[in-house]
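Here subunit A shows up in two complexes: once beside subunit B, once beside subunit C.
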Partner chain A sequence: MDFSLFLNEAWIARGAIWDGFQMTVAISALAIILGTVLGVVVGLALVYGWAPVRLFVRIYVDFVRGTPVFVLVLASFYILSIIGIQLSAFQAGVLAITVFCSTHVGEMIRGALAAIHRGQIEAAKAIGLTFRQTFQSVLMPQALRQILPTWVNAATEMVKASTLLSVIGVAELLLSTQQIISRNFLSLEFYFMAGFIYFVIDFSIERFGRYVERKVAYS
Partner chain B sequence: MADPLLVIENLHKRFDDLEVLKGVDLTVDAGDVVSIIGSSGSGKTTMLRCVNLLEEFHEGRIVIDGEEIGYTQKGGKRHMLPNSVIARHRALTGMAFQTFNLFPHLTALKNVTLGLIKVRKMKKDEAAEIAQRWLDRVGLLDRQDHHPGQLSGGQQQRVAIARAIAMNPKLMLFDEVTSALDPELVNEVLSVIKDLANDGMTMLIVTHEMQFAFDVSSEVIFMNQGKIGEQGPPSELFNNPKTTRLTEFIQNSSF
Partner chain C sequence: MDYRLNFDAVWRDFDLLLSGLGLGLGLAVVSIFLGSFIGLIAAFAMISKNKLWRGIAMTYVTAIRNTPILVLIFFTFFALPQFGVRLGKIESFVFTLTFYAGAYLTEVFRGGLLALPTGLREAGLAIGMTEFRTKLSLTIPVMIRNVLPALSNNFISLFKDTSLAAAIAVPELTFYARQINVNTFRVIESWTVASLMYVFACYFIAAGLRHYERKLAIPG
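And then the complex of A and B:
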């Protein structure tokens, strides 16, 4: 392996790498944020929803979780356009990963709320808190702390899932890397570099998660 | 004479087919300290939980300070009141639980201020001042910034009592507050309750601590199979039980 050749090619391709990196971060961040917000709604619906709503959301969660993300990405790009919803590849991809993320977060929230001891709700009732106040001040803060480690794990999975958008032509890090390799044929070096960048992104998320965990720990 | 603070009339409660309360009548005057004793399953905790509306009940009425709580009669039918009214009714009483039920994500101080800020709509400073006064009263002012996980069981229960009483309830309910504690931690909690009783706080105490019930109560109630079996001042009830059930119960209890 000629290291100086690689460095030279990497320098030439720096713009494409940087663009791909930014695209990967943008897709992941959007999908994680939107997916988490939607996931909280999904989780609440699963726990407190009116029975028909609960059934509908349960079907949504099971269906999405039983489908490969790759299929979700292709479906939101190709199938939605057939029924008249025209999304760009970027929008379709973010939608697919958001939906995927929401089902995972939804299940985490459901589990966390179910794990909170009944006495917590009773104590809140006993001091006269309404359900909304109980939810805001007692249940949600505990549930969010509870899901944090699993949520961090899910977030790193979303970054990895973002590579699937390369198939529908979103120039994220993997597709950019493939394009660079098609010009200079340094596949080993550039795939290694891409892998390393993904590692750095996920490692940063994980460290950040640990930091927040420590910050909000209560004993 | 003033109206009684708490009136329970013909209270019935079922869990499916099991009738746990079979018509309880009880009157508590302001300043009374009433202990409720009896074997497991006799309905004492359930009765207490009905007074705090943590349990629904199927018949009868509970009146606190002249206001009927939880239900209303409309056209001969009994309706549950809306949740906002129920929440207000719950705040008339304070409850301390067997398992403390402190909020683990909040410090001792914030456990106490939460209700003051959200329910009593106090400003933060004002709430903190009241909370600190009560934490001081239960001997835990120096632990105000600790989380429940950093406190012993006895300390947690004292914070829980401070949390309930800071809300300035008309009536305090204690549900077997020492049952989950190590023996050496029981007394610190009981002495806090005694201290509050001496202050004139009206209390309903479900307990298995017979000596404590004897010492602190103005009246003791013996619950038996969902009804009040016997009732009277502690000296009378403990020294001259009239029913064989109570005689047996006292003999089998450790003093």
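And then the complex of A and C:
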């Protein structure tokens, strides 16, 4: 193992690594944002939805959570094109991870709302608050407090899930790394480097999650 | 769009899909079993007073938990041979999944150990058991019975992670689903059947484990 050789190769490949890194960040950020928006709808539907809607959303959540993300990515990539929805590999992959993210966020919201004691809702009703007021000033602030740290940690899951897009040909960090390796055969060094970059991203997010957790904790 | 559903191709190869599902389950069972030993050792290291042990265990858990499993799989399969460690596809995957499971189980076991009342260990020592014997016959069994629900969840998520073995061509369910998809172009059918198989497998595993959790839970 020659370290200067690795450094030299890494310097040559810096453009590809940087592009891959940007792609990973783009996939993760898009999936987290879109997944959260969809997840809020899912979560609210699970708690307040009309019974048939609730059943439908429950099936959606259980189906997605029972299926490996890898299968979701592959299915989204292969199925959508055959039923006439023309998406690029990037779009199909982001869609799959968004769906995955939405079920996580949905369950988080459902759990947080369910954890709030019924007495508080009754108290809110007793002092004459409408449902909207109850939700805005009683339920939502407490639920947000509880969800925020978990939500930040779910972001690390999405960054990790973004690696799965390498299999459908999206040149994110892992696929870029593989392409670099296929040129210089330094598999040990470059896989280690990719792992380290992911570690740095996820570890920073995790630390940020701890920080948020301390910030929002009741003191 | 005209795509007519035709499940014939999928039913013809259904035995392959089933064998893939079985292999996935097997991989998950072996990995969680072996991973439990790593998890137990690392959990004791994490709560020990020795800074070095604590540091090693902490580094292991943090490193594995913050790295995507696909990178770990490729690292073991493609990079370790440079060190002269040459493993077959399945062995390589089991190796990765074991270490991956170990890191998650460490957290589970650590939480379980910290939740135990200190009186348990003291009682063991008071009746003359050695420290090791106390761990083996008192602390570990009680702790494991307490963390069973977390173990079940870990097992299910490991089972789902076995789908990634398809990336290094281990013939499990996702691999065969993809093969049927590519060979016959029954795209919707193959992926629908494969994901339904995962969903039902997870559902039945969860129901089964729930049953055992109730049986094994410490009464009272």
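What we mean here is this: the second predicted complex is superposed on the first by the 217 of 219 C-alpha atoms of A that agree within 3 Å, B and C clash if a C-alpha of one lies under 4 Å from a C-alpha of the other, contacts with A are read in each partner's own complex, and residues count from 1 in each chain.
Throughout what follows, a contact is a pair of C-beta atoms (placed from the backbone, for glycine too) under 8 Å apart; a residue touches a chain by one contact, two chains touch by 3 or more.
Quantities reported herein were computed from a predicted structural model and do not represent experimental measurements.
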item	value
Touched partner set for A:Gly66, first subunit B, second subunit C, both or neither	second
Touched partner set for A:Gly195, first subunit B, second subunit C, both or neither	second
First, second, both or neither for A:Leu44, with subunit B first and subunit C second	neither
Touched partner set for A:Val138, first subunit B, second subunit C, both or neither	first
Which superposed partner A:Gly84 touches (first subunit B, second subunit C, both, neither)	second
Which partner, subunit B or subunit C, touches more subunit A residues	C
Which of subunit B and subunit C A:Ser166 touches, first, second, both or neither	second
Which superposed partner A:Glu122 touches (first subunit B, second subunit C, both, neither)	first
Parts of subunit B lying in touch with subunit A, wherever the complex brings them together	52-54, 83-84, 87-88, 90-91, 93-95, 97, 99, 101-106, 114-115, 118-119, 147-150, 160, 163-164, 167
In the complex with subunit B, residue positions of subunit A that touch it	117, 119-120, 122-131, 133, 137-138, 141-142, 145, 216, 218-219
Interfacial residue positions of subunit C with respect to subunit A in the complex	1, 3, 62-63, 65-72, 74-75, 78-83, 160-164, 166-167, 174, 177-178, 181, 185, 187-188, 191, 194-195, 198-200, 202-203
Complex contacts: residues of subunit A adjacent to subunit C	1, 62-63, 66-72, 74-75, 78-79, 82-84, 156, 159-164, 166-167, 174, 178, 181, 187-188, 191-192, 194-195, 198-199, 202-203, 206
